[in-house]
Amino acid sequence: MVYIISIILVGIGVYGLMTQKNLFKHLISLSIIDTAVNIFIVATGYVNGGKAPIYTKNFPSFAIGRFVDPLPQALVLTAIVIGVGTLAVGASLLVRVKEKHSSIDVENMKGVGE
Amino acid sequence: MKERTIWEQIADSFRSRSIWMLHYCTGCGAMELPPTMTARFDMERFGIAPMATPRQADILLITGYLNTKTLRRVIYTYEQMADPKYVIGFGSCTINGGIYFDSYSTINRLDYYIPVDVYIAGCMPRPEAILEAFNYLMEKIRKGEADGWKRYRENYDWYKQNQIRSLGEVYVHDEFHE
Amino acid sequence: MISLLIAIPLLLAFVSVMWKRLAKPLFFLAAVTNMTVLLASWFPNSVEIHVMGSWKPPFGINLVFDNASFYAALVVNFFFFLVSLMPNLVESYGVSLMLLMAAANGFVLTGDLFNSFVFMEIMTITAVTVASRRENFYNAFKYLILGGIAGSIYLLATIFAYTATGSLNMAHVSMATISASSLVAITTLYAIGLGVEAKLFPLNGWVSGVYGGNDLAPVILGTSVSFAALYMVGRLFGTVFHGSGAGVLYTLALITIIIGEVAALRQQNLLKAFAYSSVAQAGVVVAMISKGTSRAMGLAYFHLTNDAVAKFVIFLVAGFLVYNYKNLNGVFKKHKVLGASFSMATFSLVGFPLFAGFQSKLRIIMELFSMKDYLFPAVMLLATLIEVGYVVRWNVKLWFEEETDEKADNPIVAGTLALILSLLLVAVFIKPEIFLGGAMKMGNALADTKDYIHGVLSVVKGGM
Amino acid sequence: MALSTLLISLLVTSVVIYFISKVSWRAGAILNFLIGVFLISYVFALHIGVTSNLGTLFGQKLQLTWTHASYYFSAVSLLVIVSVMLFAIKWLDSQKYPAAFNMFILMMTAGSLGVFMAADLITLYIFWEIAVLSSMLIVPMGKKESRKAAVIYAVMSASGTYMYLYGAFLAFQRYGTLNISEIARHMVSDPSTGIKAAIFLLLASAGIAKSGIFPLHTWLRIAHGNAPDAFSAVLSGQLVKLGSYVLMITVAAIPSLRVFGNIPFYSGIPATNYFLIALGATSIIIGTLMAIKQDDMKMLIAFSSVANGGYILIGIGTMDPMGFEGGVLHVFNHAIAAAVIFMAFASVVYRTHTKKISELGGLIHKMPITFLAYLFAIISLAGIPPMSGFISKWMIYQALVRKGMFITAFIAFFGSIGSFLYVFRPLAGVFLGQLPKKYKDVKEVPPVMWIPMMTLVVISLVIGIWPFPVLQPIEGMRMDYGIAPTMRIADSSHWLIKGFSGSWNPVLVFNLFIIGFVIAYILYTMFPRPKKVDLLAPHKEEGAPINIYTGGEYIYTPELYHYNTKFYAGFERMYEKHPSWEKVLEMLAKFFHDLGEWVHGWFFRPSPSAYTFWVSLTILIVFWVRW
Amino acid sequence: MVAAYKALFNLVVAFFLVLSLEGIGRKITARIQRRIGPPWYQNFIDLFKALSKHPFSNGWIFDFGVLMALGGTMATAMVIPMGSAFWTPFPNSDNFFVIMYLFAVGALGMAMGMVGSGNPWSSIGVSRALTQMLGYELPYLIVISSTIFHYKTASIHKLIEMQRGGWNLLVMPLGGIIAFVSLMGMLGKKPFDIATAPAEIASGPMTELSGKYMGLLHIMHVFAIFVEISLFVDIFLGGGNFGWYLVKFIVVWVLAVMISSVLPRFRIEQMIKFYWGVPLGLAFLNALFVLLGWTL
């Protein structure tokens, strides 16, 4: 289910990138793809019926396979941070693009040769 | 007249048997040449042959009248021929201007301008007359009497003077050049 | 010790954020330090690892320092060092360059898949900043989008690798047996993800815009960063996945070679023309890496080193010319030294004898023939033919056309550097061991998976 | 001095020469010339069989050896180069880049010598590229079009070279050696005809490109036509011969008759050789027909180089003792003739600043020595005795007729008679006829420029009368390659050159000439002395007309009365709408260019949307393929 | 020394034979055209008359060209064997290709001298003459090549010797006919006198010739005719002795004259097309027959 959501989100992101004329929408689409991947990562860590991997008293009674994998969550944190960084750099670039080319719409930008 | 050396005599006899002709045909007389050359009269049996350029030619056959424009060409052509060279004036026009004698531009007497060895009178002279003239010229050449080319050299100043008087400066620039 | 390579630029970058004026000298300092560190630990000839936070591999993040990563780091830092010598290039980009340096070093040294993703993303972001110099914003933005997508795919690949093997450590992953279908997914995604930085067709759309947009970006992105990216291609496909997925790389690389050269042929802009040429050379390197043998990989990196040196000179000179002259006809009549170095570098690029490119190209062709690969040499020679066309055209245009009245001062530092580097190319022709030795060691290290695994997983040295 | 030391020190010296030339280019040019003279004496003093090591490359020894072939080709090359170097001492003052010219021409000399000395394919390649590179950098020093010429030259040359390289490595991969003689030995015993033929043709393609043989001939026109004028002499006289050398190596040093003995095509000639012969024949046709219609005199001779390259290839390709010697001797003849012709043209351009035949005329009155040099050179080029050019053509005909190759012979005859046509065109248009007024103050070139031309002319004449000094090394070469080693062609004791179908005595022929001339001169003096017609009258006297037959018309502008445009109009009209290979190649170039445009438009220019599309598409395709 | 005498004898024979034959040719043409025509010795008169005149010279190259033309052609004429091995001055050097290319010296000299006169008509004439050469030489050379291939020798006197059994014309009749057609072009006789067309281009190369220049070139022309017809006679009608050689020579000449006197003139490209059409095709056919051994 979660996989499907992330696939749909990737699809939305790709669709957005491919069809939108507005550069900011591209950035948003990219962010959606990031999010989709992040959801996917979190989903892979989940073990059906698993418990949170917290060291408790009755720890040994769990079988090893019953843990939810904690690592993906850690990874996702990093990935989100990076995604935000990308978004920020992209947004700041767009401000300058707007200044230079007087628009952030692909079709209305001026002075984009070659 | 100066005595000819033996070599000159031999050369003259060769010259008399081989006459290469440049015909200058502006007048109506040119019409008489084809029968003279072809089978009926066959000029070639006397060793007479038409030539295309003055350099190769021995005689200059001037058929018909000349005017101030064409005379310049004739003189120019005559001067380009190799010595010894002979001139035949063909028809009355070359003698006295013929029927055009009173035109403003016609040259009435050819031998004021270039030395003429033989004149053929008539308007038109028939091929027989032409052949007769050639035979007469051959005779003259053989005897060394056809000395028009020598006279032209000796009296060059006189001829030039006449030419300039009638034509103005020979070397004139016309509008096509420069 | 090795972690200093990452730490120092990072640290100095943060310092210089506070004191902006110090950025240039600090960048120089970082570059010098890094070079010193590297020279101090010349060719380890074994696999050393540096664990972070006492997590023994396969847990935690570790830096791997073997011949391969050493050589890659050496080349990467060498070019950063060269750039740091030219203050007017660094101008207000000191921080970005330091971050880029840290990221590139990290990318090269890391032994962890996810960590490499992180470094790659930092590299992309800083590279985008560098690329936006001279108001080249739109192209930088395009690069960012493409880099972002690539990053996502790389991340996806990493996650697949993790789910398939349960580990993120490269050595550990390479030990694990992965089911065929996952392997296909992982390698394909890695190929695509790295393809953007490695300039593989058709993921290299950003190259011309970024390289052609200013004078700093091609100099550093075309040399250091692409070396780092191509190092990772070798590491992943050579060491970690044992050549799985090489077919994809090989095919894409061959197409890249032709496409790159063809695109370069028509290019009217000096920087962009050689940007495409660097695309094509990357294709050669990737195709060579995909062959998987240690010799092939060594030659690939030998070629890459030659290409990087030549490209550095070319982009340095080209950047100077493009931003100082409107009309490039005959400019070399005013800048003879720049011209001579440019010509030597381009001839090396083509592989004319007397220059380094000859050594690498011929060796590559020879190696391919001995592997009974007849297609790749043909493609490569065809590409070289096209390359001859535009290289000669540019040289002729820059040397011989009628010059204009425009004037610019001779850049002394850049000129000296260009000349020294182009003479280095001649020296490499005479004595290829200068680069070849290191490159071959690198190739050996990349191909020798067993040694790598052994080195990473059983020996623990150093630490932080 | 070892061969390798010589070559390396030449390369180093060339750089030194550059800096000397920066101070004084004339000193550099003179030094160049002195080095050239030293090289000639060095070459003549070397013993056959000297070898030298250049070093090792990828574990292969790079070797130089001095063979009959290297001796012959080096000597011919140096003759041409040294003449041009002497010529350049004065000529360079009309050039923009004298220092670079001095450097590159010396570098090119080193490269060419290296090619001739190379004992293995890679050494050959290295020096080949050095020669190409340095010559390629001289070409764009000319006029505007020369820039494009340099690019075309480089690309065409490279296309041949890279095929050669492919062939060399194919051979290496198969036989494990790059040494030419060892490859030859292996190839004889190799049973696989296909691969052998591939190696053979790939190796030959370098020669084909360089000597301007048919599919890759188009660069000659533009490069020779637009290169700096004196350098065209080197291009056509010497560099093209590198191609002939490689062709000779592929056809003769690799004994093609034995290697491809299993695929005879016609009259004992293997199909591979016959393929080359067909290419050579095509070049003769193209070169001749195109040369006839050129108005640019340098391009005209450039096309003639195409045709003569064809002769050399045909001669060598037959692998008949006569044909081989003829082809190799033709190298000498064409080198000398083309060098003199181009130097004569360089002199003309030096004085008049144009190379269009239709703008020139009557220069004989102003530059008689240049004219004589050109005259004797074209006599040699057209293969008319007593110049040396005839000997080689005679030998090639002998071979063709003997083998019964009538179609090839037909083409060779066509080229030979066609050569009368095209060499006459500049003679009539440039040197003879009327002198245009704007050239009335033109002077003869200084001795430094005409001495080299006349020296080469004298050499060609002497060899035409007494060819044995040149035929000896060629015979030596033939023995080396084992082509009918028992047969003797040059019989110097009887002053005879023996062919399969009769012999002739060059000394006798020359004496007959002398006798003929003496009789003619006696006849000439016996008869009345001529009166001189001054063709230059309009130049001397204002208002004087031309004194030749003009149909009675007065003409004052001499250039109007000079026939030099469309000289063979009647013949040219017959093939006006010829198909053009050059256009085909242009289309190919345009195709690549358009492909670049397309690639650029589709993959590199678009917005991020398209990038995304391509990334997605690639992922999908790759997954689809791999699953 | 004997060879030198023989060579001089060649020249003498050539001079008198051809000059009289030219006169006879004019006579024959005249009779065909129902004229009387000049006497047979007319050409001697023409020649000596020309020599006796005071000519113009158009510069040193003009003089040199005439000398080269005459000298070169004489040199060629000296090598020609006259119908038998005995009348071969230089048996070691009478190679066909040598003769053919020696012959070109004269042509080149004439072309150069005439263009040197500075007259465009001469240039046009020379350009036509050279183009013509491209036409007639090719079928001729192919035929002769196949002959050489057949007899395995290019030495003319050996070819003559080998025809003792029968004329080569009978061995390869096709080749003989083609060679004769080419010979017509070489002689510059009527359908092929494009180069000197007097009515169009003022006698072409000869435009500027006057006096002794005309005469010397006439002598050159005489030797040229001698060389051309002798080659045909020697190669296709070989065998026999000197006397028969003269007879054959005269027959060939008369035939050529008779054909030419009834034909008009070609245009230049018509002539090229003519020669590159049927004669060239037949020449190749002949070569094919020779290769296959299908000779009579």
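Order of writing sets the labels: A, B, C, D and E. Residues in every chain begin at 1.
Everything that follows uses one rule, which is that contacts are C-beta pairs under 8 Å (C-beta built on N, C-alpha and C of every residue); 3 or more make two chains touch, one makes a residue touch a chain.
Just so it is clear, the structure is predicted and the values come from calculations on it, not from any experiment.
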When every step has to jump to a touching chain, what is the lowest number of steps that links subunit A to subunit E? 2
Using direct touches as single steps, what is the fewest number of steps from subunit D over to subunit E? 1
Contact-richer chain pair [A-D vs C-D]: C-D
Note, CA centroid farthest from subunit A's centroid sits on chain B
Taking mean C-alpha coords per chain and comparing to the overall C-alpha mean, nearest is chain D
Taking each chain's mean CA coordinate, subunit A and subunit B are separated, in whole Å, by 112
Interchain centroid distance [CA atoms averaged], subunit A/subunit C, Å: 27
Distance between the CA centroids of subunit B and subunit E (whole Å) is 36
Give, as an integer number of Å, the spacing between the C-alpha centres of subunit D and subunit B. 57
For subunit C, what residues touch not just one other chain but two or more? 141, 145, 149, 208-209
Sequence positions of subunit E contacting 2 or more other chains: 52-56, 121, 202, 207-208, 211
Could you list which residues of subunit A touch at least two other chains? 17, 23, 26, 114
Under the stated touch criterion, can you name all the chain pairs that qualify? A-C, A-D, B-D, B-E, C-D, D-E
The answer for subunit E against subunit B in the complex is residues 26, 30, 33-39, 42, 45-46, 48-50, 52-56, 121, 198-199, 202-203, 206-211, 214
Help me check something: in the complex, which residues belonging to subunit D touch subunit B? 543-545, 547-549, 552-557
Report the residues of subunit D in contact with subunit E in the complex, numbered from low to high. 362, 364-365, 371, 375, 379, 382-385, 390, 393-394, 397-398, 400-402, 404, 406-407, 409-410, 413-414, 417-418, 420-421, 424, 427-428, 432-434, 494, 496, 499-505, 508-509, 512-513, 515-521, 523-524, 526-533, 535, 546, 548-549, 551, 558, 561-564, 567-571, 573-574
Which residues, counting only subunit C, touch subunit D once they are in their complex? 141-142, 145-146, 149-150, 153, 181, 184-185, 188-189, 191-192, 195, 201-209, 248, 252, 259, 262-267, 347, 352-354, 358-359, 362-363, 365-366, 369-370, 372, 374, 377-378, 381-382, 384-386, 388-389, 392-393, 395-397, 399-401
Which of the residues in subunit B end up touching subunit D in this complex? 53-55, 72-74, 76-77, 80, 171-174, 177-178
